[in-house]
Amino acid sequence: MSALLEVSDLRLQFGGVKAVDGLSFEVHAAEILAVIGPNGAGKTSAFNCISGFYLPTSGSVRFDGRNIVRPAPDFWHALRLVPLLQSFGFFRVLPSRVTKWGMARTFQNLRLFREMSVLDNVKTALHARLREGFWSTLLHTPGYRRAEEACVREARGWLDFVGYQGSEHLYVTQLPYGEQRRVEIARALATSPQLLLLDEPAAGLNFNEKQALMALIRRIRDLGVAVVLIEHDMGLVMKLAERIVVLNYGKEIADGTPEQIARDPLVIEAYLGVEEEAR
Amino acid sequence: GGDSADSGDGPIKFGMLAPFSGSESAFGSYMENGAQLAVNEINEAGGVLGRQLELVVEDDACDATTAVSGANKLVTDGIVASVGGYCSGATLPTLPIFDEAGIPMVIPAANSNELVDQGLPGVFLINGTGDQQAAAAVQYAEQIGATRVAVIDDATSYSADLADAFTTQATEAGLTVEVTATVTPGENDYSAVATQLADVKPDLAYWTGYYQEGGLIARQATDAGFTGVLMVADGSVDAKFAEIAGQGYTENVVGTFTQTPDMIDGADAWIAAYTELAGDAPGPYSTQSYDAVRVMAQAIDDAGSTEFDSVVGGLEGLADFDTFAGPLTFTDDHTLSGGGFVIVSIDPDSGAFVLKDDLQG
Amino acid sequence: MSSLEVDQADVYYGRVHALRHLSFRVEEGEIVCLLGNNGAGKSTTMNMLSGLVRPRSGAARWNDLDLTTAKPWDIVSAGLIHVPEGRRIFSTMTVHENLLLGGYTVRDKRLIDQRLDQVYELMPRLAERRRQQGGTLSGGEQQMVAIGRAIIGGPKLLLLDEPSMGLAPLIVKQVMDIISAVNTHGTTVLLVEQNARAALKVAHRAYVVETGEVTLSGTAAELAKDPRVVEAYLGA
Amino acid sequence: MQLIWNGLIVGSFYALVALGYSMVYGIIKLLNFAHGDIYMLGAFVGFFTLSAFGISNETSIPLLLVILLLSMVTTGLIGVGIERVAYRPLRKSPRLAVLITAIGVSFTLEYGVRQIFGPNPEAFPIRLESSGFDVAGVRVTASQIVLVVIAAALMLVLAHIVERTRQGRAMRAIALDPQGAQLMGVNVNRVISIVFFIGSSLAGAAGVMAGAYYGSIDFLMGFIIGLKAFTAAVIGGIGNLYGAMLGGLLLGLLESFGSAWFGGEWRDVFAFAFLILFLTFKPTGLLGARVVERM
Amino acid sequence: MALRLDVALKDMSLRAPAPLFERQPQPRGVFTSQRGFMLALGLVSVLVIAVLPFLDASLYTMSIATSALIYIMLCMGLNVVVGYAGLLDLGYIAFFAVGAYVSGIFTTVLGWPMWAALPATVLACIIAGVIIGAPTLRLRSDYLAIVTLGFGEIIRITANNLEITGGPSGIHGIPSWDFGGWSFNDGFNLFGIEFPERVVFYYFVAAVVIVVGVIGAGRLAKGKLGRAWKAVRDDEDAAEAMGINTYIAKISAYIIGAVWAGMAGQLMATHLSAISPNSFQFLYSALILMAVVLGGMGSTPGVIIGALFVSLAPELLRDFAEWRYLIFGVLLVVVMLFRPAGLWPATAVLPWLKRNRPTPPAFTDSISSVEASVMESVDGVPHADVHEGDRS
């Protein structure tokens, strides 16, 4: 089976800092992959490249047969206009486009729409799929009503799916942190992804909440969605992940099953520390 | 038709739109007080048609929107005649409103040609138009033997109008207009235009804007090395001009202006009366506003009614009515026949503008 | 006599009753840990102690300082330093400038330099990144800056709000070691942690806070064995 | 050459006002629309004091310096007062709310002064001697040199304070995260007051200098320069003080060349069009730092 | 008939599983729900607008009422840009100017009837919106503010300097609306009641403003586009991650804002019959922004109140003559100090509904407990038709 996501030789440099330095890995459909590594290893940066937010210095990212990194012709490079043009949206794939292709993500710090209700947050994620034109919105045609209704139902469905039980009309800022995390995942799911990138979803959750999160991630996988998560909680990672990729200084230093990783001396030295008791 | 049909008893209301806020707000009270003085005098002398006059004033902020609602307010208040209008741009949109309500207008200050070009029957200008003022300016330029001239405006309606007229007439008269410059009003630094004048060194430069900027330009141009004559238009003829320019910067300044009381012998009484009423000396367009009220009152008296057609008839029929700007008779297009422009210059002691040349010779 | 004491404190956010009659105390030289679910009111407690939010009723005293009325900056000058949740790094300032700001209340330049060296020694990663903008650091690096900043202020009482959040296991261990080290140098520490396992290892005593109230307290060792704590915060 | 010199003179006024603008913006992210009116107030404070002593048509530079200081202190205090009354209560409110109060304050100051001093322009009682001499084909006057020297001195002292000192760091910290700054022991209220004091007194100084240099003041004189200073602050990279200075000078030059090349009526169009294009290619202004937001 | 919901969403490779929780239905009544109350309030306002001319049809009242309505239109447009999309615009009056000038030029210079100039106005505004929108691709917040401010000044100065726009004195003699043989100027006679020109025009403006300005903008804000705007306002990166092309969302906000302002400009040109550059100064951009913020950004009733405040306050204060701007300024500060989020903020809840506001949920372990039931319905596969037809 060919991979859903192929990252090869990805490099990202900020001035002198090589945040990602020749990273390659693959993700297959409906698997749970964990990316771990010391702080500053380049995990978030790699996510940002894959989802189109950062423009990598070099390398390629293929998702579902499509190139997410779109190299500019040499001609424009020669004119030194590439960064400028890229900021206008040329020679790059915008994150919104990546999302439409079926890749969703969450952020390391919660990035919900703070002045929108829970329901609207999730409805927003249906943007790309909603058939709703300008005139039909103005005139409230039956087509518009149908679309809105479908949108509400779909959004509610995802809220239910992640186990959110509160009122959907609350503003997200009124929710406790754990519930906000859930809404964020519901929102990502509503974009109808084949691949879901989660950046430290368990940070700040307590033990019980982490348990619930693990169950949720498994159920997402069971829908046929591949899940890639960055996480520092090794207890969670070891139980959840089918495969683990370890980064250090922007490079991949290991790739394997949880058992292999837990025994890998390189990983222990760089990341786990000696006396970490894996739960 | 008008729904402000005059009730026939009670005071006759005259409406006046003038700027009381915004950048031109300095002129509002000069105009209001001038008009009020006339109203008071007429009322003391028994009023018009046996009725008292009343002045209703509204702010137009020199802005079309405010002016329109002000005009509508005046119409709703039941005015019979309009004696206001300072900024041409703000006055223009009020004309159809007054016209429709059957209200004749004597406009004391605004003087863009467009005001009368619309051909509305009730519009009369008692300030000389741009064309007339430009003619006076050109005449004086020829008189002092200037051949190369410059013209500077401030991009407002009145100023640009006048500058255009001056350019056209000067060219016709065989003068060369070497510099046409525009400045932004409300600023302090006009060194760009000053430098230009100093470089080109025209014999005469005509400034068609207001005194705030005029004073600054006079000073900065002299500093930059301009030595020609600086002629200013009526918007700049104010005692403040000399104050702003500073001592020693006004020798070469002349102005085109209609006569004001301090230029006319024996008008001290008028100035005293005004000062007593207003608590301040008269300023630009105090006299014109005073005259506007008197002209209108006279026309109503002559017509014997406040009916639109008769009042217009009355205004058209005025012959050599005595005003500060000289005897007044309206031309066919409802403007002054001569404009009555004279040349004034600054008295180095008082800083006030005084008569220099009445252009009759 | 020199201790932190919170007595029957009540804090409201609008209609939300965040702290309900919360009471606890911290003696000089201790490491005390607050455990609790999300939204239990741990951060609110910290904010109250550093003067960022005001209790509606109740008392909070540290030595002779009334924390319910003192201004945040006066509290800091007195030596109570709060490392807030979410790090709060000054994003466009360099790592070095961030650290210098930590010494804002310290007048003695030599003392600052001395502590700077100490911090760079403790966390060599920061020395590497000295000139980098704070905002571009990775999450873990930011946490180090936040702790480093506090150390430069020379805290007598240090409040740490979830210092291990988002840190790699190795670093968590380091951070906990730093906390112990700071404590043995004479700084009292009040620690809020989700990572109960790590926290109970360094702490002397702990309180469990639930919906704004203290529901359990005891020495760290006792609590680590308490079945209720094990079930809710440590996992069997 | 003359164009450049003229541009620099105007530019130094813009820069002085822009500095305060940028400082205030830098620290509380407020586009302080009332800042231009503080400039106007500065001029009127000078005017009022001098008229009260019956002075007019003076040319003495020491007297100017005294008045300058007096106005700086007064406008500084007024600035602090405005912040206390109109901005501080709104510190936690949406940014635009404060913007609106700033406009409200601006109206209040403008029309308050109008009620006191009347709508007419006033001649400033001190005039700088404007005898000029030629330097390398450029006409330079003594007053221009005095002006530039004072402006440059004020700006450099200020920039040093902000970039290099403890208080300066505190200012930048507050700009980024006021609560975080409190946790560093920064007395936020005091630092903000200091910023308003410095910013306002610079504007006041500019007002007095404008009065003395140009000779005429009126109650709306702050409006246009306020806009220009805002523009200058943005060109330079808003919040960056050296940027504000450069921006002010650059704007002065742009205007000077704009009116020479396209005529005065198109000057502002030229300046703004240039600005828009420039920002399109350099979105954070001359010296503004790109704020890197991490995901 | 069950609505065919599946066609409303494109390429649904992944559909949400069947809902699990019962959610409380929204209450509906006039006093028991926000929505019902707002509807009632809207109806009352429409009624008030409709009967106003019967109460006082004087020139002055009609004139300021018409102006106020046009202001509402203008503010609703700016609300899209500032309130919904969160883009600070300090040169918004420029679009108003574009609308006024384009319609003015088309009707006076080219002699077109007013209605025929409408498409030209709209087109010009779209172009203007795109022009001003383009640099925003790269600029954030206050840099954007200065670009819009600059744009506003450029438009005004250009209008002041060109021949075709009538230079500083502007365009005058702009005709009223006429349709074939009948024009507003002819007035209107219905059941023996005479409606003079100004009343007809007032009704026309009111209709356009209510239908297009208020209802139209409100609907756009509630739909897909509106959600995209708000998402961009709250968090641009997260919006991108949701599949929203933020460039397009921002430009469309500018375009809608521009078109609204342009139509308002056209109405204003007719209303005043003359326009001049003086009416498009920066001050007016600030005033409109003020109306929106004062009323409450993103809130339709708030913006309407703000528009009324800003357009009527100077008129009501006319009697204070020289004091009016001073009073206005102080009033502004005071209002903002007491209502920092605006007079009627978007998040406002009617006071008597506050008690039954939903409370935030405590954390629930519901997932594990409901897991089994979910599993049944999901069957562990991606599916497109799990809940065809249920819950409708």
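The letters A, B, C, D and E name the chains in turn, as written, and every chain counts its residues from 1.
Methods note: contacts are C-beta pairs under 8 Å (C-beta built on N, C-alpha and C of every residue); 3 or more make two chains touch, one makes a residue touch a chain.
Only a predicted model underlies this, so the values are computations on that prediction, with no experimental measurement involved.
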The chain whose C-alpha centroid lies farthest from that of subunit D is chain A
From subunit B, which chain is the farthest off, judged by mean CA positions? C
If you tally contacts for every chain pair, which pair is highest? A-E
Measure off the straight-line distance from the CA centroid of subunit C to the CA centroid of subunit D, and report it in whole Å. 42
Chain-centre distance (mean CA atoms) for subunit A and subunit E, in whole Å, is 35
If you average the CA atoms of subunit C and of subunit E, how many Å lie between those two points? 47
Which positions in subunit C touch two or more other chains at once? 37-39, 136
Multi-chain contacts in subunit E, i.e. residues touching at least two other chains, fall at 138, 160-161, 237, 322, 325, 363
What positions in subunit D touch 2 or more of the other chains? 111, 114, 265, 268, 293-295
Touching residues (chain side subunit B, partner subunit D) in the complex: 21, 23, 25-26, 28-29, 155, 181-184, 186-189, 191-193, 195-196, 198, 211-212, 215-216, 219, 223-225, 240, 243-247, 283
Interface with subunit D, subunit E side, in the complex: residues 82, 88, 134-135, 138-140, 142-143, 145-147, 149-151, 153-154, 157-158, 160-161, 237, 282, 286, 289-290, 293-294, 297, 322-323, 325-326, 328-333, 336-337, 340-342
Going by the contact rule set out above, which residues of subunit A touch subunit E in the complex? 51-53, 87-89, 94-97, 99-100, 102, 104-105, 107, 111-116, 120, 123-132, 134, 137-138, 140, 143-151, 153-158, 160-171, 174-176, 178-179, 187-194, 208-209, 211-212, 215-216, 219, 222-225
Residue numbers of subunit E touching subunit A in their complex, please. 3-21, 23-24, 137-138, 216, 219-220, 223-225, 227-228, 230-231, 233-235, 237-247, 298, 346-347, 358-368, 370-371, 374-375, 378, 380-382, 387, 391-392
Which residues of subunit C touch subunit A in their complex? 37-39, 86, 125, 132, 136-141, 143, 162, 165-173, 194, 196, 232-235
